[in-house]
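Two complexes, one shared chain (chain A), two partners (chain B, chain C).
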Partner chain A sequence: MITSNKIGKMIEFENIQFGYKKKTLFNGMNFALESGQIYGLLGLNGAGKSTLLRLLSGLLFPQEGSIRVLDYDPVQRNPSMLSEIYMLPETPHLPTLTDKNFVSRMARFYPNFDSSYLESLLKEMSVPRGQILTSLSLGERKKFHLAFGLACRPSVMILDEPTNGLDIPAKGQFRKIVAEALAEDRILIIATHQVKDIELLIDNVLILHEGNFICYQSLSQISSAIRISQETNRPDSNSEKLLYTEPSLGGYTAVWADTETNGEHQDLELLFKAAITNPEKFTQFTSGVHKL
Partner chain B sequence: MTSSFSVYRLWSLMRSDFLAERRALTWAAGILIFTVLLMSLQQMQWGQMDYSMHQKLYGYALFIWGIFATSRAFRVVHDPTRNEAYLLLPASSLEKFFARLLPITVGIGIFLPIFFFALSAIVESVRMVIAGTSLPLFNPFNSEIWKLYGYYIIIQAPFFLGAIWFRRFNFLITSFAIILFYLLLAIAILITARITIGATEWQQLHGQNSLQVPETGAINHYDYLNFGIAHDLFHQLLTTNWSFLATVFWIVVALLPPVLWWIAWLRLKEVQVDHGVQ
Partner chain C sequence: MEFSDPKGIYQQIADRVQEQILRGIWVVGDQIPSVREMAVELGVNPNTVARSYQALVERRILANQRGRGFFVTEEAVSSIVQTLRNEFLEKDLPKIIKTMRLLGIGPEEIANHFHGNETNPGEDTDET
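Right, the complex of A and B next:
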């Protein structure tokens, strides 16, 4: 059943301040994420992606401001909220148990757990059965963890570097399964450096840079504002609309701010490089940093 | 789903912990059985009859196993590879707290006497068959057993707090912290007693040679540090109301475990993962 707090804004950050001892990471961060969407969270190493995910799941507490996840305060770690959140870590550490024992131990904490769905996912991803989980390869463990997480039917699914360790066929399976898992009352957040793995999957791009989002848009919005071209000669770096350029085979690839595009498919990696290289110019042409 | 406490979730957590620790529990039980058998065999060999052997071993097991298990109670919280999964497990902090507290207080209090009774029955049956003699079985209803258990609960509580408070070497650091606390407490009591009671009464209470405080003709410490009312009050308390003081002491001791457990629960509620630049 879809309840009111599972439609619309599912996650809200309001004026969040957070930092570690020597480094302020977020200074007054505001944003909201809506249900029925897959968000790609991108950023350089140390930009705060993992910290952001840990703040929204209640593993870290903000120093100031408020976070609401499904109308809960994550700091309280309410069991009802926790049963609606599933986080797939970059390196899953599973206990020394068989898959059956793991499920028997853990599934009871998730009221929406669907064992037949788990079985079908494990079969689809060809995860070996009946083995001690720690004896599985990294990729197999990730697939098992992903299948278990999806079978818990959480409203918020957080995937931290989900494709690391997956082989090429498994990456394809991952995209298919994640795309099928999206529902109106669910939100998926994928934090990754492997942008190629998720560019066909995500609806929205969040690029985190120096404590704020320099890109907070849907791919369709970006596609209507950005154009990528192949040039024989190096484009004039003083050109007002040039956001980024890099050498490529037979010339240069350039990223332009151009509202006259026809919504073509975007190369997420180039988009990311353009945003990181020239954040002020990028945000100027893509409507700037989102404010609540 | 109730927000803060559900018996089902608590049971699920305890079941999950038991499954995770069952190998360690089996080892601990095996070591206990081996120790009791070894001591019995040794006594048979030397023709000794230690009538309190089972009770003594119960005491050792309770304190060594109990304190060791208590110090490891929140190991998962300090393990960066496992703490995220633990904290994200859909159960409240209160349930997670009780899931760790109950086995090492109520659980061990029920399990160990039953275990020792069964073990003593087996060991003494064997001794009877081999040596023709036997020791009295371990009696779980002996008042000494429950007195030991009471002491265990008092001693266990700071180690439980230390388990959540300190990140590593929980047992050692907690032990040092307790020693330091008692040293400071002893110094504070000595100074307070010296100031409020004065040299004369101090010597009367503790014997002439126990603590000789030099008194100079120039400054009489007793007069100089005499706080009047405090002096009289403490003097009265120590000389005529000793039973009252003893009662206060035992009330404080009895309140210590719940207070320390409560602080441990607050700490568990506030624990965050270590991540990123510290």
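Right, the complex of A and C next:
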């Protein structure tokens, strides 16, 4: 029997209150994330994505409520918790060290560190070796940091805009590498605006808007509850089931709340636009779709 | 593999497996790529691949041998053909008939093409 704390609920937010000086961001936020899944965290600029990620990795403290990550309280910043979390920031701040020196200094904080895995990832992504890390291009630094983070074999891997600055072939490699990195005892959280880059990768969609999740569903569940159609004429905006519409070649693309669809028609970008354009209507709709 | 099609990825993975079987690339008893291998090859979520495979197991196209992997069953080809036949008759054919009506093409004309193409593809040019 599996008694490990690494299967099932890995991250839990209970009644979290958090804000900056002038702005309350989260007011009683509750959610849980489970292992073996890839979560896509979406939201407009300033929606609180980075704050949320910092809260769960112990970089910020909640003003009220409690957070559990792998059965730890991130506020305590317990080294055994920190060795199980890797957060890949949008812009990698790497020191003026060579790759080798960086690894020899940093890897010791991660007991599961796998150097042969690091080697194979760096090779796969053709990251130049033996150079001072700060002299690498942004894309190369991001690849290096991704490889290093994965080689630490963390239980919780957080990726903030991981595909920004990657060239087109690297985006394909990124998808393969992430697909390979998912394991039963691991959670991956990808926060991004590049929805196309993660559409094929994520299990679940979390859309953060004004301090709340207006979407907290599996992508397949939500995809099978909407219908996307091409219309010649602009659909009536008062129609109850219409979630979103935009002009397209030869007419209009419309997103409908409709469970009578055959199969999943997945379009994360349209889904996101629908959610952000009319959050009230979208929330009403998602409240009817099975939550995580 | 491109996913420009609005069809769910889940369906496209199932289609891909079925196509490999129909084309005889994977035959009865063959072990197909593992969930992880397929996910990495396509750069998609392994859980999505697992759901696709599971759906094919339910349709008896694949057999899941616990701990060993997924194998092509004896009834795979006939099951796939049956499904595709039904899909053709229920989805594609009505569209063709609709177009035929619109353009005033009768079944006889189609039958001529059907038989003509089978026996003598150059027949059309002989008439002039």
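What we mean here is this: the second predicted complex is superposed on the first by the 283 of 292 C-alpha atoms of A that agree within 3 Å, B and C clash if a C-alpha of one lies under 4 Å from a C-alpha of the other, contacts with A are read in each partner's own complex, and residues count from 1 in each chain.
Heads up, the rule we're going with is that a residue touches a chain if its C-beta (ideal position, glycine included) is under 8 Å from a C-beta of that chain, and two chains touch if they have at least 3 such contacts.
Since the structure is predicted, the reported quantities are computational estimates derived from the model, not experimental observations.
In the superposed pair of complexes, A:Q37 makes contact with chain C only, with no contact to chain B. Contacts of A:I202 after superposition on the shared chain: chain C is touched, whereas chain B is not.
Within the superposed three-chain model, A:E180 lies in touch with chain C and out of touch with chain B [touch as defined at top]. In the superposition on chain A, contact of A:I228 is made with chain C only, not with chain B.
Counting the residues of chain A that each partner touches, chain B and chain C differ, and the larger count belongs to B.
Of the two partner chains, chain B is the only one touched by A:Y20; chain C is not.
Touch criterion not met for A:P169: it reaches neither chain B nor chain C. Listed in rising order, the residues of chain B touching chain A in the complex are 1-4, 6, 8-9, 12, 15-16, 19-20, 81-82, 84-85, 87-93, 95, 269-270, 272-273, 275-278. Contacts from chain A toward chain B in the complex involve residues 20-23, 25, 46, 48, 50-51, 54, 57-61, 77-80, 82-83, 85-87, 89, 91, 93, 95, 97, 101, 105-106, 108-111. Taken in their complex, chain C has these residues touching chain A: 3, 6-11, 36, 39-48, 51. Only residues 36-38, 172, 175-176, 179-180, 182, 200-203, 220, 223, 228, 263-267 of chain A touch chain C when the two sit together in their complex.
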